[in-house]
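Got some structures for you, see below.
In the two complexes below, chain A is the common chain; its partner is chain B in one and chain C in the other.
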Partner chain A sequence: MRPAQRYDHAGCATAGILHKGGQLINGEAIIEAIGTMRERGNGLGGGFVGYGIYPEMKDYYALHIMYDREDYRQPVERYLERALLLIRSERIPTRPTPGVGLAPVFWRYFGTIPPNEPRPAGESDDDYMVRVVMRINLEFDGAYVVSSGKNMGVFKGVGYPEDIGRFFRLEEYSAYLWIAHARFPTNSPAWWGGAHPFSLLQWSVVHNGELSSYGINKRYVEQFGYRCTLLTDTEVFVYLLDLFLRRQKLPWEIIPAILAPPFWEQIYRTEPAQRRALLTAVRQVYGAGLANGPFSIIIGHPRGFMGLTDRIKLRPLIAARHGDMAYLASEESAILAICPAPDEIWEPLAGMPVDERLYEEVVL
Partner chain B sequence: MKNFLPSDFLVHIGPECILCGRCVRECSFGALEQKEGHIIAHHARCVACQRCVVFCPRSAIAIVPHPSTSRHNAYWTPELRRALLRQAQTGAILLAGAGNDQPYLNIWDHLLLDASQVTNPPIDPLREPMELVTFIGRKPDRLEITADENGEWKLVTELPPQLKLDTPIIFGAMSLGAVNLRVHKILAEAARRAGTLFNCGEGGLHEELYPYGQNTIVQVASGRFGVHQRYLDAAAAIEIKIGQGAKPGIGGHLAGEKVTEEIARTRMIPAGTDALSPAPHHDIYSIEDLAQLIYALKEATNYSKPVGVKIAAVHHVAAIATGAARAGADFLTIDGFRGGTGAAPLVIRNHVGLPLEIALAAVDDRLREEGIRHQVSLIASGGIRSSADVIKAIALGADAVAICTAALIALGCTLCQACYTGRCAWGLTTQDPELIKRLDIEEGVERVQNLLRAWTLEIKEVMGALGINAIESLRGNRERLRSIGLDTHTQEVLGIRPAGM
Partner chain C sequence: MELHAQQLHYREVNQWLRRCSQDGIHHVTLYGIRGHRYIGTGLNNSLRIQIHGTAGNDLGAFMNGGEIVVYGNAQDGVGNTMNAGRIIVHGHASDVVAHSMRGGTIFIRDDVGYRAGIHMKAWGTNPPLVIIGGTARDFLGEYMAGGTLIVLGLHDSSAPLVGSYVGTGMHGGVIYLRGTIAPYQYGKEAGLQPLTADDWEYLQHTLAPFCEEFGFNLEEVLDHTFCKLVPLSRRPYGRLYEGAVGAINSHG
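Showing the complex of A and B:
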């Protein structure tokens, strides 16, 4: 059940693994990596996102929905049957797992947008899906959309991540990109919807830190129709990314300059003038999107992941590469646990992104 | 018939007095007189400006509220009865200077700021950068960015003109006439040194201040005083003054006695004539008229500088503000009812308008609801007293604040509220050459600059405690404010939660 009227901050651990050739990796690997950092979490939240897990359904939106209780399901499904052309609806398989308490009910739905649905001119399918997701989160009691992208899905809940992973039977899934999170919520009761990753359409984010700027980040995205309903600051990252990358079509390279921009003193010294003008304008126009306060995040998307820390790096992030594999984690131990001798391993500087992608020729 | 109430104040002259006569020379209100080996106080003329108290070499003078009392009456206060009696005597509208001094709810002091503990570490401003740089001007919805021939990202969007402030505090509008040229010179120089702006008000810009143009907002008000092409060209920005927080809905009246040669030349009117600013602009009777003037000024200056609109905080301020934003204003100055004035009818000053806190929150909310908040910058003015007020205003939604009274206090103003008499003993709101001499320009610049510096340091200190190292993350971040002792409705309007939640 969603706690009333407050949002939450979190400590935490993050980990991500990517096969740049698009080869699928079994869920066991990510469980092992995140499990290494057990003491960064406190058993009050763990979660995973996998990209590439539904290859046979890759053309359909995959909605993972969490219901507080079974009785909340029917009204949402009645709405979904009208709003989407569903081709499959099923309960997400789980197993009773020690360490995981009373769980909500998880369902997934695969579908497309009905062709004759009256829609505003120029609205894309993704825009439509965002409206569907916002409506469910805002208007339906006890129902929360956990993820809504294609060929990907989020699995999360209250517990240690390795237990949550077993609960969701992640060993039965394979993905070319896995991202995981262990949570240490600091000042609100843990709830399943508050676990990471947060996700909208193809974007997902896990976050170690706390947004001191949350109040304005939230009010900024609300201007564009997003509604923050999940009571955790991390949620707003997802909407910022959707706004900048999908709707405003900004290049990926600009994202760090918005979320963790260089200081003005650095910008004044930046050469050439073209770059300086760009960074200046980004701060002038997107100041409300600056993510201020300690953070280390991993952003997942269908072509790879980006690791990023705040502009003074108040949270850890380690990156590594080995062959076709790319790794990100809060601690080196998590990477070494699944890749004992990486080709390279490094600590990214504050505000400097680690941007790892599938090879261009990889077709999913 | 004599007024039936005792004077406001009593001037006590103690036995330490050595009859040097300094107090008599300092008093510009004629309240002290030296006669036959005594200093005689004309208590009724005393405005409690403190000039004699401060300058008495023996600290022999104390000004006290008149101790004589009539039967206590919480409804018919002495203040009300005194006003009534003055009207019975004169049949006239009562005037007042400075800002609304009535005990309305002061919301600033019911707002508490947050600080970081453990989960988000506070930042030490002595060790880490703390950025206050603020840009005033219209921002586009989004940036268009493309790769150039070398694959480097390049900005395609051309941004409208932006004013860079090194600290989010500017000096608000006080006209030449309301204050004198020395005050203008002090504010202009202090603004230049601090990397911020001063606003010349509606009385034109004196020739000697043209070199400060890049630190100057020039006003175009209903009287159009001193408005010409060079004036517009000289400025960093132009502000159309629709209203003023201290006297919403009415114009201005600078008495002929204050219109010296210098002021007359700057205002482009004959010396000694009354300078009347009409209540409305006679070419603005609707929002589309305002849009025309905004674009006329943009055309006149070739779209090279921001054109803003100043409105008083009144009941429908949010709707008016969005209208002005949609009419093309690049910034909006929202002036709350605690804002000062050289002269206003007492009834207007004390009873018309809204608190800045309420107006600011309502305007910021409405602009966001309509998705156009980024199109305008918001400048909050009217009664900003301290760095704490600045921080709270920014957290409520302002881009920057404008201060006037605070700067005058730094220069000696004691809020005696007698500005409209033209007899300011501290040489601020007077055109009397003898009184003006009391204000030393260099010392004044230093004091005002110190004030800005002190507030700026304090803002950085609080931001550090909040764990925020760029002012844009504080702007509109009401999550970091809580209210204490406010009613639910006010909290709702302000968009903040009560302390403890």
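Showing the complex of A and C:
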């Protein structure tokens, strides 16, 4: 539809908005923000994640599943009926949208773990869900789990994000945290399952850049039972986060030191000695978790988001605050589109996180 | 002439600017600019463009004359491969300001991001000049081949004036910093030199229009320690592949 010479600009856009008081924001706002950076994508991928969109079902896992064709659905549903106690199953509403071509079929399932399911000793509900997600992605033809957290969901596909947002009728959802992505695929295929965000359980990631460490990162997470099946490097970020934050219970403060650690020469200069020892230990233990290559990412989780760039700042990220709102985006203009006069707007330092959270007293 | 650009695509804005330029108009004002890219690209005559809003990426890329004044901030790539003319930003700018710039002048009132002046070069009688009123981050003047970079740090004396890897791979041009720099902050291809009387005269003469534009007091700006970084060699990597070439030849 669009001539090839229009595919020649810079790559990928990210945007995130958070109401730190937990107030719900309509999906229109995030579409407006990401749409401002239309030039950064090329219509071959757009997507959104919203946290807080299913308040009436917040105690149940919400599985968003994409089927290449309708006839791939039944085998998965037969498996899900055994693996989960399903409360609700429904087709995710979409509308025909100019700019969005032939689309897969999207369904969502709300459910919980069956109480009498025989499970390995000590396995948590989340561990069980990870097994379910990995099994569907690996063993069922034409079926891909797009998201699997509670009270959140991912909506993504091939198209400009503005069009994908209309396709999924995002104006009918409200969330306290929205994160969006416009894709410019570089070295992996443009397909519906390869659009961002990538998500597992409560974690989601959008990414501008590429992971030259993908092979090392992938082999590392595979040792812990994760399987990379979605043909795009960004997927591995999500499994690293699930491993570090949920299974190993590492504090958030450690995450930037693993993904984007300072260079050794900077570590040698670091004071005080305790901090130097910590950075040294993290690099020694978690070297295989280092995300090498140019990147800026936004990590979403139920309590907020974290923005992070690679340690030499090879991809852009701008942060802003206004009242109870926090913003992140690849370009300043995207933030100003929905917040014309922010209290603060700044360019975060390379490898230093922008960690914005719901206020502690906010109960979800 | 005025244009309200809020609802326009950057291509429409730039088409309008080119038409104004062809029609011999000397002065235009753009309102509602919000991330529009490539404004003033290849501008080739005396057109003066005032911008209200946030100028998008690659402002004044390949600019070859005229003037752009931004009342607001600029995003990445201000003056990318600029050749002549002047860009003035009454605000801050993000990364890669003056990337591969070969002539003309850029004034940024506030801070700039990473890689300002990367691979700046100079040719002929119009060497490039970049003056930054605030601070600059890592890789300032990386692979710099010519021209002048000046970083003043006028706003927040507690903020680091520059980051690390300043002048890494530098092989031409000069960087003046209003303050000091620790040895670990600059590349091994660059070295510090004491300022001479000629340098002070050059700074006085060069900073006067900058201070006038933004309302800084020139005497106060100059009444401070400055340091000067220059390349140690014109060809820092000249010997890098000598061994490899020798090995190939010996097998030849």
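The criterion applied here is as follows: the second predicted complex is superposed on the first by the 350 of 364 C-alpha atoms of A that agree within 3 Å, B and C clash if a C-alpha of one lies under 4 Å from a C-alpha of the other, contacts with A are read in each partner's own complex, and residues count from 1 in each chain.
By our rule, contacts are C-beta pairs under 8 Å (C-beta built on N, C-alpha and C of every residue); 3 or more make two chains touch, one makes a residue touch a chain.
Computed from a predicted model, the values in this text were never measured in an experiment.
Considering which of chain B and chain C touches more of chain A, the answer is B.
When the shared chain is aligned, chain B comes close enough to touch A:Leu290, but chain C does not. Residue contacts after overlaying the shared chain place A:Glu39 against chain C, while chain B stays out of touching range.
Within the superposed three-chain model, A:Glu347 lies in touch with chain C and out of touch with chain B [touch as defined at top].
Looking at the shared chain after the overlay, A:Ile312 reaches both chain B and chain C. By the touch criterion stated above, A:Trp264 is placed in contact with chain B alone, chain C being left untouched. When the two structures are aligned on the shared chain, A:Glu332 is found in touch with chain C, with no touch to chain B.
In the superposition on chain A, A:Arg275 contacts chain B only, with no contact to chain C. Look at A:Ser124: by the touch rule set out above, it reaches neither chain B nor chain C.
Overlap of the chain B and chain C interfaces on chain A: residues 10, 265, 312.
Chain contact summary for the complex, chain B toward chain A: residues 116, 118-121, 123, 128-129, 131, 133, 135, 139-140, 142-143, 145, 147-148, 152-155, 157, 159, 162, 368, 371, 373-374, 466-470, 472-480, 501.
Residues of chain A touching chain C in their complex: 10, 36-37, 39, 265-266, 269, 312-313, 316, 318, 331-334, 336-337, 347, 349-350. Considering their complex, residues 5-6, 9-11, 186-187, 209-210, 212-216, 218-220, 222-224, 248, 250-251, 253-254, 261, 263-265, 274-275, 277-278, 281-288, 290, 292-294, 311-312, 314 of chain A touch chain B.
Residue ranges of chain C in contact with chain A, taken from their complex: 10, 34-35, 37, 54, 56-57, 73, 75-76, 92, 94-95, 111, 113-115, 137-139, 164, 184.
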